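Per-chain numbering from 1; labels A, B, C and D assigned in written order.
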Amino acid sequence: MKNIFSKSRVETFSDGIFAIIITLLVLEIKVPHIDDPLSSKNLLDALLALLPKFVSWIISFFTIAVIWVNHHKLFEQFKILDRGIFWWNAVLLLWTTFIPFPTAVLGDYPSNFLSGVFYGLVMSLMAASFSLMRFYVIRKKELLEGNVNLDLFKRGTLMSVLFGPLMYLSGIVLGFIHPWLSFAVYLGIPVYFVFSETHE
Amino acid sequence: MKNIFSKSRVETFSDGIFAIIITLLVLEIKVPHIDDPLSSKNLLDALLALLPKFVSWIISFFTIAVIWVNHHKLFEQFKILDRGIFWWNAVLLLWTTFIPFPTAVLGDYPSNFLSGVFYGLVMSLMAASFSLMRFYVIRKKELLEGNVNLDLFKRGTLMSVLFGPLMYLSGIVLGFIHPWLSFAVYLGIPVYFVFSETHE
Amino acid sequence: MKNIFSKSRVETFSDGIFAIIITLLVLEIKVPHIDDPLSSKNLLDALLALLPKFVSWIISFFTIAVIWVNHHKLFEQFKILDRGIFWWNAVLLLWTTFIPFPTAVLGDYPSNFLSGVFYGLVMSLMAASFSLMRFYVIRKKELLEGNVNLDLFKRGTLMSVLFGPLMYLSGIVLGFIHPWLSFAVYLGIPVYFVFSETHE
Amino acid sequence: MKNIFSKSRVETFSDGIFAIIITLLVLEIKVPHIDDPLSSKNLLDALLALLPKFVSWIISFFTIAVIWVNHHKLFEQFKILDRGIFWWNAVLLLWTTFIPFPTAVLGDYPSNFLSGVFYGLVMSLMAASFSLMRFYVIRKKELLEGNVNLDLFKRGTLMSVLFGPLMYLSGIVLGFIHPWLSFAVYLGIPVYFVFSETHE
C-alpha cells in the first residue's frame, strides 16, 4: 500500500531529532566575556548572571525529554502510519526543533513579559500538535493497534488538551501578573509529567 | 560482492543527516539584541523583524521533510546499492547539508534579488541529484526491486525533473518580476508535495 | 506493562546524544582572527594561543567516550527499564549535554581558579548520576539481569562513587594549590578508564 | 566475555558521529554582512569572497564520506571488537570530529601557508589512525572474520599508509611551493577514492 510509512523509520527519524534538539539547547549558552581572565570573582559574577539561561535550558531539557516519552507512548498505540499522521508528526517536529530559539529568548530576557508569552505560545503550539494528531487518529480508528481501548484513548486526548496547550496558555495569562509565574508553570508541566510518570 | 553497500546502513546514514539538517536550521535564527531588555514593545518589534527568517526556516523545514519522504520512497525501489548510487546519494546529501546556508542568506536579505536566485539554485541542484540518481538506475535496471514497474519509474523520473529542478528554475525566473514570487514558488513546491501526499 | 520502556530505544536515544555531544565540542573552538591573513607567524601564534582549548577539548572528548562505554556496560546489566531508571538516565544526560559549556569556559580561562572548579563540579554531578542510578537499581534488584552478581554490582557502585564524583571533587580541591593540577586530574580520570579498559 | 564490544553499537555510534560531522561543516560558513541589503552586486561579491570556504567545505565533505566508506569496509572485516580496536576507533573519531576546525581555518586563510599545513597534519593524523588500527589487528588475527585473506589485509594496510598519512604529508610539502598545490592534493585524495570506488 502506497499510503503507508515505515513506522520504525519515522520513529527513528523523530528520535534522532529529539536527541539533536535536546543537545543543541546548550549551544545557546555562550561563554561570558570577563575583563580580568584571572579573577574568580569576575567569572563567578558572569556565571551567576547566566542563571536565567541555565533555568530556561533545564526547563526546555525536561520538556523535550517529556515530548520524547509522550511520542514514544503515542506511537506505540499506532498500528499503521498513514500520510496524515506523518504530516501531523512533521508539524510536531517543526515546533519541537524551534524550541532552542524561544528558550534562548527567555534566557536572555527573563524579565521581559513578551519572552514568556513567546515561549508559552511555541510550547502550546507544540503541545497542540500532539492533541491534533490524536484527534486525527480518533477519526481514523483503523490506524490504532487492536489492543487500544478507544474510550481511554479519547479521554487521554482530552487530557492532552488540558495538560498541554491549555496549561501553556494559562502560563501565558499568569505572566500578566508576574513574568516569573509563567516560568513556574513552564517548569511545572514537565515536572508534573516526570512525577506522574515515576509514581504512577 | 565488493561492489555492494549495505542498504540499511546507507539509509540510516542519510536519515541521520536529514534529521540533523532539519534541526540545525533553527540555529541560524539568532536572539535579537534589544536596547531595553524589559520593553515588550522592543522585543515585539525585534521578533517581527525576524519574520523573513521564520518564513525561510519553515520553507526549508518542509522542503527537507519532503526530501526525506522522497528519499524514503526512492530507496524502497532499490534492490542493491552499488557505488554509483552511493556517490549520487553523496551528491544529494552535499546539497542537502548546504541548505542552512542559502536559507540564512534568504532570511537575512529577503528583498535582495540574488538571495532568491541563490536559494533556488541550491535547491535545483539538490533536486537534480534526485533525478540524476533515477536516470543512473534506469540505465542499470538490475539495481531495482523486482516489483518496480519500469515504465512508471521512468515517468516518475520525468516528473522529478519537472517538479524538481525545473520548478526551482522557474522560481528563479519569477524573481526577476518580484523577489517574493520566488518565495511563493519555493514554499509552493513542498506544500504541493505535502498535499499530493496526503490527499492522493 | 505500562511501567516499562523499550531498552533499545532508550539506548539508541542516549547513544545519539553521546554522539552529538562528542561532536559538538569542537564547535566551541572558533577560528582565530589574525591581523595579516598571509602571515604564517601570526597564524601559528594564534593557534598556539588556542592550546588550552585543544587540551580541554581532548579531555572532554575522552571523558564522553568513557561515559559512553560505562553507560554501555551498565545498561547491559539491566533487564527492565522502569521509569526510575529512565529519569535517572535523563539526569545523567542533562549533565552530559551540558559538558560543552564548562569545557569552553575551561578553554577560555584555563588559569582562572573558578573555571576548574566549575568543570569539576559539572563532571562530579554527571558522575554522581551514574552512582545514583546504580543505588536505585540496588534497591530494585528485579530490574537487573539474572546473570548479574549483586555483590560485584554493589562493589562496582562503590568504585563508581570513588572514581567518579569523589575523584572530581579531589580535582577541585587540588585546584586550590594550582589550577593545572585540576586539569591533570580531569585528564587522568578518562585516561585511567582507557588504560584499565585496555590492559585488564 | 567482558572484553568484547557490541560491533553494531560501535558502528552505529561511529556512523552517527560521521553523519553529524559531515552536516556541521556548513555551520562554519557564516552569512556575510553586506552594506546595502538590496544590492545584488554587493551580495554577489560577498558570496564570491566565500569561494575558498565553499571549496574547503566540499573537500572536507567528500573526505568524511570517504572516511565513512573506508570505516564501513574495514569494520566488515572484524569479527570481534576488543578494547584495543575500540580505543583506536576513538582516536580516529577524535581527529574526525576535529575536521570542521582546520576546514574553517583553511577557508578563512586559504593563501596562508600554515593553514594548509595544519589541515594536512590533522588529516594525516586521522588517516594514520586507520593504519594503526589495521596494524593492531594484524597482530591480533583472531579479531578478523574467517573469510579475510590476511595477505590482502596486510597489503591493504600498506596501501592505507601510502594513500593516507603519506599522501597528506606530501600535500604539506607541496605547500612549500604554492599553498594551492596543497589544496589540489587534499581534494585529489577523496576524488581518487571516489573514482577508484566507482570504476573498479
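Descriptive notes on the structure:
Throughout what follows, a residue touches a chain if its C-beta (ideal position, glycine included) is under 8 Å from a C-beta of that chain, and two chains touch if they have at least 3 such contacts.
This is a predicted model, so every value here is computed, not measured.
The most distant chain from chain B is C, comparing centres defined as mean Cα coordinates. The angle needed to superpose chain C on chain D by their Cα atoms is 90 degrees, rounded to the nearest 5.
Mostly differing positions are employed by chain A and chain C in their mutual contact, as under half of the interface residue numbers are shared between these two copies. Mean C-alpha positions place chain A and chain C at a centre distance of 26 Å.
The geometric centre of chain B is 36 Å away from that of chain C, both derived from CA atoms. In chain A, the residues that reach two or more other chains under the touch definition are 12, 16, 20, 24, 27. Going by the touch rule set out above, the chain pairs that meet are A-B, A-C, B-D, C-D.
Within the complex, the chain A residues that touch chain C are 11-12, 15-16, 18-20, 22-27, 29, 31, 34, 37-40, 43-44, 47, 58, 61-62, 65, 68-69, 72, 194, 197-198, 200. Residues of chain D that touch chain C in their complex: 2-3, 5-6, 9, 12-13, 16-17, 20-21, 24, 27-28, 83-84, 86-87, 90, 93-94, 97-98, 100-101, 104-105, 108-109, 111-115, 118.
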